[in-house]
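Pasting in a structure now, in structure tokens, and then I'll have a few things to ask.
Naming follows writing order (A, B, C, D and E), and every chain is counted from residue 1.
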Amino acid sequence: ANEQYFPLQSYRIGPYAAGGTGFFGGFIDYLQYVNAKEGGVNGVKFTWSECETEYVVEKGVECYERLKKGLNGAPAAATNPLSVGIAYATLERSTADKLPLITINHGRTDSTDGSVFPYAFPLQLNPYSEVSAIINYIAEKSGGLDKLKGKKIVTLYHGSPYGKETSPILELLAKKYGFELTLLEVPHPGNEQQSQWLNIRRAKPDWVILRGWGVMNPVALKTAQKTGFPTDRIIGNIWSNSEEDAAPAGAAAKGFISITTHPSGTNFPVLQDIDKFVVKAGKGNLQDAKRFGTVYYNLGVVNGILNVEAVRVAQAKFGKRPLTGEEVRWGFENIRLDDKRLKELGALGLVQPLKLSCADHEGGGAVRFQQWDGSKWNVISDWVQADRKLLRPIIEESARQYAKEKGITPRDCGKEG
Amino acid sequence: MSFFFEVLLGGLLAGVMYSLIAIGFVLIYKASGVFNFAQGSMVLFAALTFVSLLERSVPFWGAFVFTLLIMLVLAWAIERFVLRQLVNRPPITLFMATLGLSYIIEGLAQAVWGAQVHGLDLGVSDEPFELGGMLLSQFDLFAAAVAGTLVVLLSLLFNKTRTGIALRAVADDQLAALAVGIRLHRLWLIVWAVAGVVGLVAGLLWGARLGVQFSLSLIVLKALPVLIIGGFTSIGGAIVGGLIIGASEKLAEVFIGPIIGGGIENWFPYVLAMLFLLVRPAGLFGERAIERV
Amino acid sequence: MNATPLLQLEHISLSFKGVKAITDISFSVNEGEICALIGPNGAGKSSLLNVINGVYQPDQGTICYAGASRHRMRPHDAAVQGIARTFQNIALFKGMSVLDNVLTGRNLHQRSSWVEQAFNVGRAPDEATEQRRKAEQVIEFLRIQPWRHQLVGNLPYGLQKRVELARALAAEPRLLLLDEPMAGMNRQEKDDMSRFILDTQREFGTTIVLIEHDIGVVMNLSQHVVVLDYGKKIGDGTPEQVRVNPDVIAAYLGTTH
Amino acid sequence: MLYRESGQFVTSYRADQRVFRLWQERWGLALLLAVAFVMVPFIANDYWFSAILIPFLVLSLAGLGLNLLTGYAGQLSLGSAAFMAVGAFAAYNFHLRIEGMPFLLSFVFGGLAAAGVGVIFGLPSLRIKGFYLLVSTLAAQFFVQWVLTNFSWFSNNSSSGVITAPQLIIAGHDFSTPLGRYLLTLGIVAALTVLALSIVRSALGRNWMAVRDMDTAAAVIGISIARTKLVAFAVSSFFLGIAGSLWAFTYLGTVEPHGFDLTRSFQILFIIIIGGLGSVLGNFLGAAFIVLLPILLSNISNNLLAGAIDPGQLENIQKIIFGALIIFFLIKEPDGLARIWQSLKRRARVWPLRF
Amino acid sequence: MSTELSNVPILQLQSIEVVYEKVILAVKDVSLSVAANSIVALLGANGAGKSTTLKAISGLAAAQRGEVVRGRVLYQGDDITQANPAALVQGGLVQVLEGRHCFAHLGVEENLITGALIKRPTASVLKQQLERIYHYFPRLKKLRKNLAGYASGGEQQMVAIGRALMAEPKLVLLDEPSMGLAPLVVEEIFDIIGNLNQQQGVSFLLAEQNASIALKYAHHGYVIENGRVAAHGTTQELKARSDLQALYLGI
């Protein structure tokens, strides 16, 4: 079959269903759109099948093992689990199987270093870049990095490895810029936060960084309101930035700021096209059509664009046929998205300019800020860059350590084409 | 010092919210000896049904009544297809059955209403007002009033009515209850229906706070230590337990948390409950197991 | 018969939340005798047994057993000292077979450590065989071989009573406390049971204290009868003495006997 | 006629106490092991090893651990996953921090660490009974998870709290392939199963059951309740600890504390209830049910209904079916799958008669 | 069956077979009938199937995973083989379970009240009923506020019997009423049985090991062996049978 396959470890039920349905909805709709509009890439059509993980690691592993071989002869291009836990558990497997593991906007920070992690791609934004960008934004608002000195910042994080991941970087930045950092943990799942917010009320910080997940986000906003903390001083991180995070808090969410790598909304040509070719044709994947153009959905679309682009790039080198995972990886490492290319894709403003390489599996590291007006997000800033130069040595050190533990000899990225 | 009181008060009010869930538990345990793990799912189901109806522009009270009816049907189905088949079986079996039930109810809730996250506004303001330097919200007071009312009503039911005697008899010895002609099926139906109603009330209040979503079913875990401190068989205990847990867990998080590393709220209530149990093995107000030889 | 007392209760009192169950009771049981405790329902007979082997702690009084006198017993100590018993409401291990129930009775004669038992090494294998042999002897003695491998939970009531006796005997006790061992049995079964009890006394020299409501059985079996009423002792003596005691007749036996 | 005791006279108590009394049982077991060790490696593929057989074995072992505590000693626990976590993280640290620690030995130490923690959280059982005891085991569940996430020492300061398995090299052999991991798991699980069988048939096992069935009577017999319960917690946690290590190292290859959350404890509880409380075999049947059924349902529905129904909806339906099946089993066979197996055996013995 | 007052027996079993857990055959073939206004004794060794028979009648066997797989049970002429226990109690058929089965966490008086619930008595009727039971068992009056679980074995037995009588039954199935009771109380209980039978026409089917006293009050007797009726007849007939005397009757 002249088809390229995407194994989808999706989650459409359970506590994190909102993320799963939105993301995979957008992803699938984009693949459908490419198939419908262009007949695939160079005549190679996309197929996919789903396997429900409920965000549970071992289900994700089972799904991975089940789907990795491809479908009806169509080889798998890449896996996109959208779950930190599953990504970790399939990291070594996918390396052994030579299948790119895409962790857009999340994943292991050190997997940015592609010389040690040849098959893992924390596309666009890894966790370290995320906080760095937020601090840079706060600095911008305060009138410069030097003005951070003496500022009080509280980070309210989810009590999980994901939540803690960025703490060392925050501490590093605090030391560097001289702001006062308080780290407060909210135990999983985070449906009661009275004490944390009372602590915040006592500390009277200038900003609160919300590093939440799932139900923790709306509860944080509600409790903030209850304890009288101004919402427009709360900055949500990349997993606290969807409609599902803000809307349930109702009026309490008004003014809430968060970062995003991709604006929500439908005002992009590619979304218009998806609407035309897929949704209007009655093939849209979303159960709730109102979610078209929301944050999670658009992230799925962005993810689709990047995956398809990798296939396209790789086909240019390896031939117009279904590709192996190894070939697709080359494609990912050679993605070059500049404004011109983005415009061709109809995604200018939706996707940040990206340039990936063997050494850099993240590529972007920029975010925009958006604010909730009570019913939708409005972008309130231009792209704000993370201080990637500062972070790079830390990432490399961590990757080196991993390589040592696992007995991996890093690739020499100088020699990769 | 006033911060201390603020935390204390906040804790007490949070505790009332836990009690709301615990009451549903106690009700079923006291009346049938079943440790009902599906209470959380029932809360989710009720809230989800209600909010989905609202979103389909059913008026508030219409949605409320309709959800009540659905909870009744649910209770009926549970009695008919699960409990009735498990008469006189050991408690652990019934406990497991409720775990099975929670799968069914959660699956059903999501199948019918989808997995989206919904906001819910009860029209009771959750914005704080100041009272003597402390922040209070109308919503909390409202929740406390609701919980209080439930406790009074249910205590009356159990202790002052004949149905109450029958319910307690069933919890003690189902075989004997059958032998004296107690209509087990009807009682169970009543109890589970009432538990469904309590679940609905809890679901609305919690839903207004968290948003109505899957995680609602997880608040059961908050209710367990409450239940244990109060005793499985005491309705009043559910409130007292809730207050104790709420207050102490907030105080611990705020004042001890920073010393040993934060986020202790998940286990602290359990350890506290454990300490209580070491002194009173059946909770503060629970019935002691009677064992005569 | 040996006339030294094995067990002596002195001024034992016990109350529950203000309700007096036992009031100032003293009596003694000689080594090797069968002593019957009788009295109306709720007189405090079972409670007294519970005091003797430490299930209940008396408010007052002393328990003299095998020469040592103490304020209270602990169930575990009592077992170690050779006191075994059966219960009024059968207290068998319902999920276990007859054989296993009897084997648990051998628990105190176990010398191997739990690690040896777990891995079945060291002293454990030989010991297991030895315990099994002893248990089988008791099972044979009480004629419950056919049910050896059955779960006790579903056995008929009378058989369960017998298994309970077997479990107690397996411990090779010095003092055996029996709480209504013949309740729910018919004439013939009671006769069998009486024989077992007598044989036990004769063969092993076991001292026995038993509670029984069937006065005929009591008269046949026991050498010594203690009568309780409302927690007080109203009679103490040989069966013949007690039988004619007017207090006992009024409180317990009724005129027909 | 297949399954007859006739002609097999037991001539000594020792023979009667053997773990497998009938030759049919002994041969059946030998056959089963032969199949598992020799035949399966030839016929199964990587998917079967990695996604089905290994988790099945590990969960069976975990079930076994919990069953010793709950099924045999009668102490209800919802903290199994915590003890697994202790086992996994302890084994990881032993291996990491002690130079030249052989792999299997670190498993054993991991198990012992879990046993220690098990005893600590078992202490309240000396006073608390029944459902109330859940609180202590839940405390273990949440506390252990908190400790492991909060003190990054346990995960060797990995920023994410995730530990990854070192290479599985035992005596120079690399067991990292799916087949190798399967054989390693199988070997450990088989050995521990034999140990468990020997335990439950020993005096120790009898004491557990005695305490489970009626603790007052057990005390009166002279069984030390406290010690018996604590030993049960220790042994059970040891098994769970090893299961945790296997989960982390031979199954997933990586694990975070969250992987041993309450859901896992429930899963293990399901296994023993469905399989049969107080049965060794039951754990395997229960684990097969719990592991295979969802996969089966998901495969069936994906193949039959793919595209016809929304995948999320399919999962919901599977959930409902799963819950319904659990209830169905509880109604039809409250003593679990092991009991069904026994009745079949009993039928086979008296066949062709009915009773 | 010559002493019958009315023609329809109040209870009839037509060769019932009872199986527990689908495999354990406890009652193989039992037929018996209880004439209206009579007392019938059920005798037999341990495990003969007496309790099972009674539970099959009252519908309680189902709650112990037992099932009547063959035969019929007729109560006042109606087939009640599959009827639910509550309906039977409502209709006047009450069982006193073997092993007492008191509600341990309820007070003694509350235990008694549960017996009357099905009849929905008014408060004053209920009070009268209670007084009647207290009159039968003065000991219970003293214990009325105590938890039944703490009562002595014999006291619990009184509670169980009293509780059954609270329902004002027409037919009482008594399983080992004398178990654990002092001789005086046994006498009293049988007196009560006799009185209720004569004055209020209540019928009794009693499984009893104390055959001598049972046959003193019963009109009719059945001997069950291994789940089958081995012998039956009027009490005189049974007493006359030498083969039974040694075994069951203890005369």
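Note that in this section a contact is a pair of C-beta atoms (placed from the backbone, for glycine too) under 8 Å apart; a residue touches a chain by one contact, two chains touch by 3 or more.
From a predicted model like this one, the values you see are computed outputs, not experimental measurements.
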| item | value |
| --- | --- |
| Shortest chain-hopping distance from chain A out to chain C | 2 |
| Remaining chains grouped by touching, chain A not included | one piece |
| Separation of chain B from chain C, taking each centre as the mean of its C-alpha atoms, in whole Å | 47 |
| Centre-of-Cα separation between chain E and chain B, whole angstrom | 42 |
| Separation of mean Cα positions, chain E and chain A [Å, integer] | 73 |
| Junction residues of chain E - those touching two or more other chains | 24, 150 |
| Shared-contact residues (touching 2 or more other chains) in chain C | 46, 55, 87-89, 91 |
| In chain D, residues with contacts to at least two other chains | 146, 149-150, 216-217, 220, 312, 316, 319 |
| Complex contacts: residues of chain A adjacent to chain B | 12-15, 17-18, 21, 159, 183-189, 191-192, 194-196, 198-199, 202, 214-215, 218-219, 222, 225-228, 244, 247-250, 252, 287-288, 291 |
| Interface residues, chain A side, partner chain D - complex | 10, 12-13, 17, 21, 49-52, 54, 56-59, 61-62, 65-66, 69, 84-85, 88-89, 91-93, 108-109, 159-162, 164-165, 168, 185, 187-188, 287, 398, 405-407 |
| Complex contact set, residues of chain D against chain C | 12-14, 16-17, 195, 198-199, 202-204, 206-207, 209-210, 212-214, 216-224, 231, 235, 278 |
| Of chain C, residues touching chain E in the complex | 16, 19, 39-43, 46-47, 88-89, 154-159, 180, 183-189, 213-215, 252-254, 256-257 |
| Chain C to chain B touching residues, read off their complex | 46, 50, 55, 87-89, 91 |
